[in-house]
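First chain A sits with chain B, and in the next complex the same chain sits with chain C.
For the complex of A and B:
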């Protein structure tokens, strides 16, 4: 069970996405896990062949517990967990109000893990359909039993299949006489597959679990991290003019929001300021070679996630914008991936849409810096001896005084300002 | 543009909206009130919404027209006027 952040102690396996014998490549999604941060797709850390699955869906596993063994082709199997080599996940013990239950040991590997449990008749025959994470979430919201959903193309259950099932159940149509004749409750389902239901939480439970995870991380941040705070104001006039011109050339599918300029500027500045980009672990600062910008995303049901935009400093604006659109949509409607949850090296929060002019954020441990942007406002702005009205944005830095000093933080914020004055180079 | 076509556009818009904010009950939407205020959508949600509306209906939406799609009623009127004009 990989650690998806300093505040995670356990995760519950919901479903395997692979079976023994499957060839996997680094980054493939192999399992769906329920954590305090919601449902997360677990990516495998290495290439190889799945040899055995040691954990049954529905099992709660301590971080570090072995979930599966992966062998290299032609080599003996080595028991490994899909934990990641980098960044080194800090595993400092976190005091809990109640003693945690003892880690549940993974059950011994069954000789042959049955993929299709007896009693489940997969619609259309053949293997049990795969279920997209979004479809799974939608099914939970609509209270649809996945065993009753007919899979679509490729034996995959998608959101539309779930919604069709829900619609057929709830709205009797004249054409569907047989369905209409059924009582207005879900048809008696085949027994759920192991784990199909076991780990599913209600929306309220998820929200409460996420609240606790945020509470733990933020309490630790304020207890351990000696924050210092800086603010500057940045004239975005040039950047916005460039953006409007650029967007005129781009179809709606390729357009940019000014937030992508902010993220890219932070990423480039972070690459040049190693003291801001990395982790404070075991009493020392460990800079990161990569710049993975965590983007704070508020969830409408409550709570907050900050998934990583990997190598944001190296990506063209168009690609980065598409990632922001995708990650934001998945954070709010679907499922994030383990690398997105675990990898961020610095965080950006943008509360401009909420109408506040500046935000002094709390650093997400073990990171050492967080950049906050506020709402764009028109301000009288003196420059070159002239007074004009310019669109101005507040940029703040919350930084860890163990890892850097205000001088360095000030240069970092000034670098962000400088980069935003030359948007064509971003 | 017939009423039936307008109804089809409205359904497409609501279907796309559900991919952005699945928690929203379409019946509860006030067609005259701004998406942002009513549904707590932000600029990233709105761009995702416009990209998907464009993909579903093939209507080009210049950036300066974004404010014309700020509510359900305005959205349907705008798209109905532009649909079929290439």
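For the complex of A and C:
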């Protein structure tokens, strides 16, 4: 289970997109995983052949847990035997010797039987689970969606089932379990992650989960990151004139929006300012070779995501524009990919559409910088000794003072300004 | 002479007695303390009582106060009502609850109503004791548990002493009560033997009692099924299930608060009642729980009651028809679900 963000501890496998024997190449989508950020397509890290799928759809897995094994092409058969990991066996029911069977003989009484084995539908043929009044009340108190709770014996949801679900959701798992689930090289028979459970989340549950994920990330940001903020105003007159000219040459479907210029300018400026592009991890800054610009996208049902536009500094404007439209569309309606969720090295947020003139954002850890753009407004603008009315936009920088200083941040903002004055070079 | 008929070393804090002896001591105390008290019923005098509760009392107190009556429940219960109206404090013994049906008119239409019908002028300070329940191969006409019927009737108080303390202490408090009190003594309890404080005396008759504390399931019972329920609780403890056992003690007016509070703690209830399920005390308790603690319930309320048949004579059939320890244990495990 890959980490799809610093705040992710668990993910629920929803669907496998491959089967044993399939040949996969790095970047192929192999599974659909549900996280607090929504449904994410998981891309494979390596080329090879799928040997075995170890996790059942519906299973919640800790980050680092082994989901499948992939062999090198041609070695699949050889690797098969040792790589087999058994799915978790349910605990043995505790026999109740003292208890005589109830009048109508039930199945050999698993009176305090184990949880339902992962991935197995609750008994009762998929019928709606019966919920005890107390379980219903407790679920309301804990804000647990009963649809996410696995029913116990007799397809009944009791209060303990609700509390287990709440605990799996809200209480951090023991550190030992997390470490055990994060081996550098997956052991041959890695134990399944604790706290496995099937989960089919409702829209409300997803929205609430995303809210919590945002809360966690933003709380961490404001607690750990010493932000500093800079603002500058950029004359977009030249850029918009160039854009109008450029769009005249393009088919309607390939026209550019000014936001693509902003993203590209940030990407190029970030490449030249490594202190802004990378991650603060374990007490030190790790600059990134690549520039993956995370683009904050607000979702209609609330919440936001900032999927990465990979190598935004190297892509021509047309390609970048297509990618922006695609990722925006998928963020709002469909499914993002794991690399898009996890990879961003710097974030751009644009609240101009909302009518605000400037935005001082909160950095998304472990990134170290966030660039904010406001609304484009016409302003009296003095330039070359002349006063004119120009389209002006506010550009702000929220940066991590551990990784950079104001001087560096100022140069970075100035570089963005400079790049936007020469749009033809973008 | 000690309150327990000389069987007691005066210095000992505890004495070993049977339920029957505790009940006799209670009657004796009442006779000694209040000259208005007298005992009457079938065979209570010369025979010493059908269950030997009043054995020896005739010699001790004489025929004026220990009175044998004709075989007419209606007549001697009616006489008891009259005596109570006339200022006496009668203890009327009916041999078993099954025979009390012959006095139903006196109990339900007179004893229970006269205070109301007289506009509050006439109390009926009458105590009626009777044996109830099965388990002694006395067949269908001597074995039923009809106390739930009486618990239906406003105007009377219904008690079910299930411990030595209550056998010893409920009678005096009942006699102090200005209105009719029915005391149901389960037939299997008379021989129950145990330790009782040498100075045991009157007890309150308003509240249910928790006989065993537990956190996992509430076992609610009274009378003859209390010992069985306590035994079931011990077996459940071996299974890791801590059962709370509630002894109702007073069947009317029902003290529902401890039941509701207990179920609010354990979230699960099993009612053990030797009466039949249909239209019963166990049904009433279930309703009280659902009315007052619905949102506390984590499992349906279970009932362990007698089979809905006239009580069989054959030993194995009678045992099968009655609530037994294994059935109580099984019901408790069912309500625990998988989370025991």
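Note that in this section the second predicted complex is superposed on the first by the 302 of 426 C-alpha atoms of A that agree within 3 Å, B and C clash if a C-alpha of one lies under 4 Å from a C-alpha of the other, contacts with A are read in each partner's own complex, and residues count from 1 in each chain.
Just so we're on the same page, a residue touches a chain if its C-beta (ideal position, glycine included) is under 8 Å from a C-beta of that chain, and two chains touch if they have at least 3 such contacts.
Just so you know, these numbers come straight off a predicted model, no measurement behind them.
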Q. Regarding the shared-chain residue A:424, is it in contact with chain B (first), chain C (second), both, or neither?
A. neither
Q: Report for A:253: first if it touches chain B alone, second if chain C alone, otherwise both or neither.
A: first
Q. After superposition on the shared chain, which partner residues are touched by A:156: those of chain B (first), chain C (second), both, or neither?
A. second
Q) Of the two partner chains, chain B (first) and chain C (second), which one does A:301 touch, if any: first, second, both, or neither? A) first
Q: Would you sort A:333 into first (chain B), second (chain C), both or neither based on which partner it touches?
A: first
Q) After superposition on the shared chain, which partner residues are touched by A:284: those of chain B (first), chain C (second), both, or neither? A) neither
Q.
Under the contact rule defined above, give the chain A residues that sit at the interface with chain B and also at the interface with chain C.
A. 137, 159
(Q) Residue numbers of chain B touching chain A in their complex, please. (A) 19-23, 39-40, 42-45, 47-48, 50-51, 54-55, 60-63
Q. Which bits of chain A are touching chain B when the two form their complex?
A. 137-138, 141, 159, 244, 247-248, 251-253, 255, 257, 259, 300-301, 324-325, 328-329, 332-333, 353
(Q) For a test of understanding, state which residues of chain A touch chain C in their complex under the given definition. (A) 96, 98-103, 109-113, 132-137, 152-154, 156, 158-160
(Q) Which stretch or stretches of chain C touch chain A in the complex? (A) 235, 238-240, 267, 294-299, 326, 329-331, 333-334, 336-340
